[in-house]
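First the structure, which I've put down as structure tokens, then a few questions once you've had a look.
When the chains are written out, they are named A, B, C, D and E in that same order, and each has its own residue count from 1.
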Amino acid sequence: MFSRAWVRRAITAIAVIAVLAVPLGFDEYTNQNLARIGVFAVAVLGLNVVMGYTGQVSLGQIFFVGVGAYVTAYGATHGWNIGVVLVASILIPGVIGLLVALAAARLGGLAIAMLTLALPIVGVPLAKRLSDYTGGSQGLSSAFSSAPEWSGLYNDQWQLYVVLVVGGAVFLLTRNLVRGKYGRAFAIVKSNEAVAASMGISPYRYKVLAFTVASLIGGVSGFLYMAVVQFTSPETLSLGHSVTLLASMVIGGSASIVGSLLGGAYYVLAPQLANHVDPNTTELLQGALLLLVLFLLPGGLVSLPRVIARKLRRNRPTGGADRQQSSSGAPARGRKAVEEAPTMSGIPTGRPE
Amino acid sequence: MGQFIQLVVDGLSNGSIYAVLALAIVLVNQATGLINFAQGGMAVFSAYITWLLTEHGLSLILAILLSVLASFVLGALVERLVMRRFERGDPDTAVVVTIGLLTLITGICGWLWTYNNQQFRSLFSLTTVSIFGAAVSIRSIGTFAVIAVIMLFLQALFLGTKFGLALRAVAINPKSAALSGLPVGRLLMAGWGLAAALGAVAGALVAPQLTLTPGMMDTALVYALAAVILGGQSSPVGVVVAAWLIGVVENLAAVYVHFIGYDLKVAVPFILTFVVLVVRPQGLFGRKVVARV
Amino acid sequence: GRGRDGASHGGASTGITDSTITLGITTPLSGATAGPGTCTVAGIKAYFGAANAAGGVKFGDGKTRKVEIKSLDDAYDPQKAKANYDQLKGSVFAMTAGLGTPTNRAYRTAAISDKVPQVLVMTGDPIFNDTSQSPYQLSLVPAYPNEGEAFGKLLASSGTAHKVAVLSQNDDYGQGYVEGLKKGIEGASNIKIVKELTYEATDTSVDAQITELAATGADVMFNAMSITPLAIASLQKAQQLNWKPSWFLPSNTSSPAAILKPGNASAYPGVYSVSFAKAPASPAFANDPDVKKFLSDLKQYGSYNETPAFPHCMWSYMAGAILEQAFTKMTEPTRDNFMKALRGISDFKAPLMLDGTSVNTSVDKQPAVSAVVVQKYNGTGYATVENFG
Amino acid sequence: MAAELTLTDVNLRFGGIRVLTEVGFAVAPGQIFGLVGPNGAGKTSLFNCISGHYRPSSGSITIDGVEVLGTAPATLARHGLARTFQHPALRLGATVLENVLLGAHTRLPGGPIEWSLRLRHLTRSERELRTEALELLDRNHLGWAANRRVDELSHGLHKGIELCRALLSRPKLLLLDEPAAGLPHSEVEQLIETVRRVRAEEDITVVIVEHHMGLIAALTDRVVVLDHGRKLMDGTAAEAQSDPRVIEAYIGNDAVDDAA
Amino acid sequence: MTLLELQSVTAFYGPVQVLDGVSLSVPEGGAVGILGANGAGKTTTLRSISGTVRAGGRILYDGADIRGKRPEQVAAMGIAHVPEGRGGFGALTVRENLRIGAYLRRDRKGVESDIEFVLELFPNLRERYKSHASALSGGEQQMLAVGRAFMAKPRLLLLDEASLGLAPSTAMTVYDAIAKLRRESGIAMLVVEQNANLAFRLVDSATVLETGRNVLSGTSAELKGMDEIRRAYLGG
């Protein structure tokens, strides 16, 4: 017999290999779309850290994506080493995010939404004003992510690998972060700051932390954006995209790693789907799609399996819960009912030992 | 000096655009606890209805009145058919639903009436009068007056009437409200209906200046949100004052603060709001709600 | 790096068969720029719809082909434009007519490396006309500076002294106009720019700018503005302030019906614009055969029922005509051959073109149409003018 | 080390409302200390002052001789203060175990970078704390509920979960705000046992706010009675229960014969 | 005359059954208690009456089954529910909270005098009359919840641990006031109460719930005499 851990490792290995084989197996357009999904999945993931997990409504995530993209474009066109470009494209948005967070985290609720809303709103004219670095309204192009000759890969394959490796690493690290100690801390900051504080969790510091992590991740997304789209301009960081990112996060499933991936897919595919149906009514179609998805799955796409499972359970022919009941002679309430039920006098004398 | 006064007057008239929308947002916020991103879109839709009616030869006033009525019904329907499902769930989801509504309504407007700019007749003439040496159009004065009336009406509604109290109670705690016999569903519908009706007025006031397009309110919405938060979400007077303040300060900063200029003036309302909120988290006119532990 | 070659299998390029050729468009069909964006699709569909109905376009290789248009919405988002291009490039012969500088730039590099023509696109960005940098590109409309320069020259040659106030959109569009203006008045001592202000395309009002400019007492207002409601509001506001300079508006916000009339432009001593296309709303062209055919094609094949308020419908209609010119000169069904044919058009007078303008594609660093004429509003429509005042 | 807590002349006001006036008392290390008084007397507010959630307008609060006035609640919690809330504040959508584990936050090593890398020693300490939390729940008769969502449990159990959460942080000063509210009589006895056991095992100082006079009498070494924000008396529970002022202001006359 | 009768009421939360045939009846003007351990289903029983939980079986009020009615409809029939926990309107003032309690009433004068009655009963609330409910102390919020239910002038009052967090003397005052109300205006009531000593001051009879079923019912005197009851609920 194989041990459980061994089986898990094997499954993980197979999954990783399968994912790494993807770029080789698909056509160019599919690869490009997958890469784009990766870009925005990372952006949504960052938003999830600050909003989904920590409860701070952020309408500014696209700003950090934009800054990351600009830094990448600037570095790449100035011949920086690609490693330096990557690090800079993460750190610079991160530092800006930290500074903004130091101010924003003082505010609660809607006020923080308002302040983050200002980021893309101010970001666009700012990007134009800093035209020496940003290329002004005409933007910056850079094809730094073309496949190197030694790889023998097509550009689209190479770019998808970049997304898979960099994005995959970010997803893994983030998943780890939001699982244990920090996940719990973020969650309590989201639900009750006073309680968080009395657990030794400074709401301010954790909000700043979450916001900064979100902007770091936004920077990664910006780097990948440049690797995949190879062009950025002030339009990249417009408010509308930030709002769509937020919608994508909720549609994918808020406070969920898989949800972030689905959110990225929604961000990229919804407009394509709308274009496919009728390019003249894309707005109408996207609005309808958004409402439809949330109507069916208020918990986001990620809740689909759960909803299906619940439906199946409900549709099971009489039996199920009822049968369980009659056999135990007590209402089915899991362990508690079973353990608590038999008391001599018919009056509970306390909780089960 | 003449220019200064003119800039202040211009700022007030800009602020008025933000103010009408902000009032509608406050209304929904007080009645449902939500920030409604679709408010701008709904106002645009109402403006199209008004426009359509005038195109068919109705007088403007009549068209606006009919549109206000129609908007009330539509707003109530939107609450009943769309928002109802999300009202007791995750507030983030509900807000995203309003974003979806905004997209949908904008899309519907574009589909029905194209994305071209349509001329919209103004209730008030564009002729100007001189006030303290500044040229002020009758339109600005009229808009100003209408907003003041709506503002006072809402203030009275919320603070003085049983209906207003019930609207607020439902937003704060629908479950307890139901236990006290408040018809929760109908009150929510009424809240949305009123906000939509107010949106129709907003649309009619704003459309002559911005010309009617599906995205007419997009920018105004951002400013309106800032005004809502700066003014204190619960106070109609507060948000209107905040909207005017934003309009004026923005103009003055653009002209007199060289570093800011016309390109970055949009940052001013946000900086202003931030500074105010650090000092007064409840906003200018809002009342602090303590969350006790 | 290498892209996958979809370019040519056994001679013919992608998107062309013996009976059809497919063109791709990515342009804003939703969002703030959807008005002009929709126009770009309608115009070219109108042109080729009519051509197809008449049997098709006869190509230089002797075959007659129907022209199909695939248009996608990019909502003025560069990223979506690139995605649209990625989607279209596998099935279209060339990309054309799309509106917007950043959106066109977003897929320019890819189009070059894929060798997919990106031609007669609507941007005034000069990079698209530089064959050394952009071998597969060509833009349609005059570079923004050309328009500004034309008006600047007119001013400079007026012989009288003028103070100019400038209000421009804060992007390459506005800057281009202002650059051109300055080039046009270079060395002319009678012209003085007294104040330059900008606005953002998303602004709801430019009242403050107008107030500030009015205070300069300038007698000429150079208004490089692409936003319809703001153009109207500027005209209205200046009148309210009792400031009545001569006024310049760029070609895409000079519609007599949609802008000048509501802005009550007759109040000004003169409203000038530059153009190369006939304005269908102008009574002067009411019986012009070009205009009549255009309007009926637009309705029938472009599904566009109004008289367009944006010039982009006319421009893309012309783009259709220019493409047809190139097609008729194409001797092989390849993209390279097409580019060569397209680059070889000179002094072609496309339908709707004003006298004094023509299509010349063989001049490097110039768009397909580079000549413009200055026009003056006469209360109902435009008339070409030679002199200022 | 159980903590020593001293309050001197604590004043607290909100706008025009005086919530606490010149309140002072001392809690010796290892004591179980009762705080009683009528509704609105300021008991919870006093807790909030000690835990840093409220900032008194004047006065002094020291823990082990160190002035803590103005210290942020999170800092105090990191230095061994834990509390429960009068109205249980749990994450309703999370499991009981997740809620309780939150109490161990300060005991878990590692910063965000280490946790993103999921270093082995971190996962080990997380596992250990999980085991400890489960044991704690078991001892408080809540083991069966460990993996249930909190909102599926009846209200009466929430207090117990909060108590476990506070205990998992291994505090040296524990503030309990009405821990017996909503418990039937038999459960109150269990609670008394639990608090006694904790004090015996953990070297801890406990301050309890409670309206259940039976519990106060059974458990506390000393009590302070607050009324309208002022200290009414200071003494043993028995003294308090027989003090006419306390009976008048708080217990009520006809309750004496009824009290359990 | 029976005002309210529950016949084998069942209730589920999702797939989990928590009430498994609860039966009880409240006569017009009568007061019935519900006792039981934590999680026995006391709150759920009250919820199924007020329409906040869907129930099976029969719930007869004035002889008609009111199952499936929405909470506001139930309230309009004269049933006021003091829910467990805070349940107030935090951002409304004390006065506004009380006015919401009287939402269904049309007699302005009566409302004002009843507000006065509530403030008389709870002097704390008078002191905080213009404060937001969210600023109140735990006990004061509980007073407000009870006060709100009074304001409705119900025929049937559902009290879910109304004494929770109240000081002993205040709890006594409240229960005496409720008893007085019952005597004077004949309000019937169904009382869930952990403090059985208090409950027995008020109720004529009670039922004991265990895992969603009645296991014992009787008059107050009968129950008080039983050893198990004493041990579990009275501490004797």
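Please note the rule applied: a residue touches a chain if its C-beta (ideal position, glycine included) is under 8 Å from a C-beta of that chain, and two chains touch if they have at least 3 such contacts.
These figures come from a predicted structure and were not determined experimentally.
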item: Between subunit A and subunit C, the fewest steps along chains that touch one another; value: 1
item: Chain pair with more C-beta contacts, B-E versus B-D; value: B-E
item: Subunit C and subunit D: spacing of chain centres that average the CA atoms, whole Å; value: 73
item: Subunit A and subunit E, separation of their C-alpha mean positions in angstrom; value: 46
item: Separation of mean Cα positions, subunit C and subunit B [Å, integer]; value: 36
item: Where subunit A and subunit B are represented by their mean Cα positions, the distance between them in whole Å; value: 32
item: Residues of subunit A whose C-beta touches two or more other chains; value: 125, 128, 194-195, 198, 280, 282-283, 334, 336, 349-351
item: Sites on subunit B at which at least two other chains make contact; value: 106-107, 110, 214, 263, 266, 291, 293
item: Residues of subunit C whose C-beta touches two or more other chains; value: 29-31, 38, 170, 200, 202
item: Touching residues (chain side subunit B, partner subunit E) in the complex; value: 162, 165-166, 168-169, 172-173, 175-184, 234, 287, 289-292
item: Residue numbers on subunit A that touch subunit C, as the complex places them; value: 28-29, 32-33, 36, 124-125, 128, 136-139, 141, 143, 145-149, 154-156, 158, 225, 229-236, 238, 240-241, 268, 271-272, 274-275, 279-280, 282-283
item: Subunit B residues within the subunit D interface of the complex; value: 293
item: Partner subunit A, residues of subunit C touching it in the complex; value: 1-4, 6, 29-31, 38, 71-73, 75-80, 82-84, 86-87, 90, 101-103, 105-110, 113, 125, 127, 170-173, 175, 200, 202
item: Complex interface listing, subunit A residues touching subunit B; value: 51, 57, 103, 106-108, 110-111, 113-115, 117-118, 121-122, 125-126, 128-129, 194-195, 198, 239, 243, 246-247, 250-251, 254, 280-288, 290-291, 294-295, 298-299
